[in-house]
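Letters A, B and C mark the chains as written, and numbering starts fresh at 1 in each.
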Amino acid sequence: RYIQLRSGQPPGKPEILRCRSPEKETFTCWWKPGSDGGLPTNYTLLYNKEGERRYYECPDYTTAGPNSCYFDKKHTSLWITYNFTVKAINEMGSTVSDPYYVDVANIVQPDPPENLSLQFEKKVYGEYLLLNWDPPSLGDVKSGWLTLEYELHIKPEEGQEWEKIFVGQRTTYKMFSVNPGERYIAQVRCRSDHGSWSEWSPQSFIKLQK
Amino acid sequence: RYIQLRSGQPPGKPEILRCRSPEKETFTCWWKPGSDGGLPTNYTLLYNKEGERRYYECPDYTTAGPNSCYFDKKHTSLWITYNFTVKAINEMGSTVSDPYYVDVANIVQPDPPENLSLQFEKKVYGEYLLLNWDPPSLGDVKSGWLTLEYELHIKPEEGQEWEKIFVGQRTTYKMFSVNPGERYIAQVRCRSDHGSWSEWSPQSFIKLQK
Amino acid sequence: PICPNGSDSCQVSLGDLFDRAVKLSHYIHSLSAEIFNEFDERYAQGRGFIAKAVNSCHTSSLTTPEDKEQAQQIHHEDLLNLVLSVLRSWNDPLLHLVSEVQRIKEVPDTILWKAVEIEAQNKRLLEGMERIVGRVHPADLGNEVYSRWPGLPALQLADEDSRLFAFYNLLHCLRRDSHKIDNYLKLLKCRLIHDSNC
């Protein structure tokens, strides 16, 4: 007869990394697992809503990829604070993350703006580089519901530093001080009134004639 | 003995042109008289209010000038439909205008914003034109009864087209893409809750140093 | 992070709740004005609907302030409850608007999309208002006062003119009521959060 010595440890403490809403209508949270103690380990995300004792489980572990929880419109409320914890469980025991509070209005990070274009214009009052872009199409950014502000990065190709220009809610910008013959690179990002900046858009280029 | 032949015609049909409320508390309607048939002709504005059979006459034909009727606070209700007609009467007869329906909530056109000022600012994060203005003095913005949105027009003096910038409910704006040495012209207008835009404010100017 | 807005009881503040409610009511009213104008231009020209759309809103039984003085004299709890009642009264008609509007001949996508969006955002605003009333005057949440909407049969009438008038009237009332809600919320926000000094 053999004595089966069970090897392995209870799981390490998972950590909720961040939550993000691209358009104030849905949101996703991600966590980082702790050590799995050498054993198959499962993760459960639980949350309760402000003013309620009851606990709910993550409605969708798959849409947003591994170690994530996705909340669709039906599960997303603008009016409450969510309190999340992630529990790691294996044969040897379980460990719970620290609580993580979320107010959806404050975790808005839009997708980058799209279709950034540069063109050179000569007018009676001056020559300038005209930049145009569109709001992110994801989440059907509806004017009046999600107010976006934009920030530009522009520099001559060999330039070391980006010139950073905040342009508020506009989706066009005229840059007057440009050098003929120069090649310029630009990119643009956006944010909602309380949220964080999106990633930068892909870069766009223009080569000005001499 | 003389036979007095009466000459002249019944009056032509008057037409109610438009109604306007500058601050959602009072309103005025104007009409265009038809022909007076060559005789002294009087005009009477009659109205009834949604939910009431009774007819009322215009409370004040003078405050807003000729061919107008002014409704002070006591005579102004929102979110109900007024049904107006104007009757033209002279010795030879009378003619009534087509009915004109109004909900004061839908005819708000504020006065233009006031005190538009432009000044050039140099800060560590950039140079910009700072525009400031005040809401129209007529209208209660403080209590929240009247909420205004603003739109700017800016251009270099010789510029052909205005650059139109919607700035929401703010009363300041920073314009970054400015051309040193240039002279800029700006004006601003406002509207309330999707009513119609006010007239543009008087233009303001600034000459930027080189 | 620790409590996002630092409050010990970890709640969304009343000020933030009102900010979001006002932004939403403004958005709903702008959609309601747009959908009415679009429908009016496309389906109501020359049919004299405006003359018939009088005294015909299902929410007219709810006595609401009709000018600034009345709105400022009414106690904020009563005005909050009125907003709740008007919002609740629109749940059912907006649900049917979304399904019935699709049956209108050559109805453009822009009208369809707005009907769906208004219905979704109205529900969201109702959720927010229930949270706000729960904060301001919890006892009040129990009684669900609202006006029943009898208008579904009219939206399904065979006669096109009558059916189009039923839509016209519903959108006319939606524009009106969404404007009331937006106006009252902006007033309440200034009164309760900014001490009437917006």
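We take it that contacts are C-beta pairs under 8 Å (C-beta built on N, C-alpha and C of every residue); 3 or more make two chains touch, one makes a residue touch a chain.
For clarity, every value in this text was computed on a predicted model and none was experimentally measured.
Chemist: Which of line, ring, star, complete and other names the graph you get from chains that touch?
Modeler: complete
Chemist: Taking the mean of each chain's Cα atoms, which chain ends up nearest the overall Cα mean?
Modeler: Minimum centroid-to-centroid distance belongs to C.
Chemist: Based only on mean CA positions, could you tell me how far chain A sits from chain B in angstrom?
Modeler: Result: the chain centres lie 44 Å from each other.
Chemist: Go ahead and note the Å separation of the Cα centroids belonging to chain A and chain C.
Modeler: 32
Chemist: Taking each chain's centre as its mean C-alpha position, how far apart are chain B and chain C in Å?
Modeler: 27
Chemist: Which residues belonging to chain A are in contact with no fewer than two other chains?
Modeler: none
Chemist: Pull out every residue in chain C that's touching 2 or more other chains.
Modeler: Answer for chain C, listing residues that touch two or more other chains: 26, 30.
Chemist: Can you check the complex and tell me which residues of chain A touch chain C?
Modeler: 50-51, 73, 77-81, 83, 100-103, 105-106, 142, 144-145
Chemist: So in the complex, the part of chain C that touches chain B is made up of which residues?
Modeler: Touching chain B: residues 26, 29-30, 33, 50-51, 53-55, 60, 64, 66-69, 71-72, 175-176, 179-180, 182-183, 186-191, 194, 196-198 of chain C.
Chemist: Spell out the residues on chain B that touch chain A in their complex, using ranges where they run on.
Modeler: Residues 125-126, 155-160, 163, 165-168, 173-174, 176-180, 182.
Chemist: Would you mind writing out the residues of chain A in touch with chain B in their complex?
Modeler: On the chain A side, the touching residues are 123-126, 128, 147, 164-170, 172-177.
Chemist: Using the touch definition from the top, list the residues of chain C that touch chain A in their complex.
Modeler: Answer in residue numbers: 1-5, 10-12, 16-17, 20, 23-24, 26-27, 30, 117, 120-121, 124, 127-128, 131, 134.
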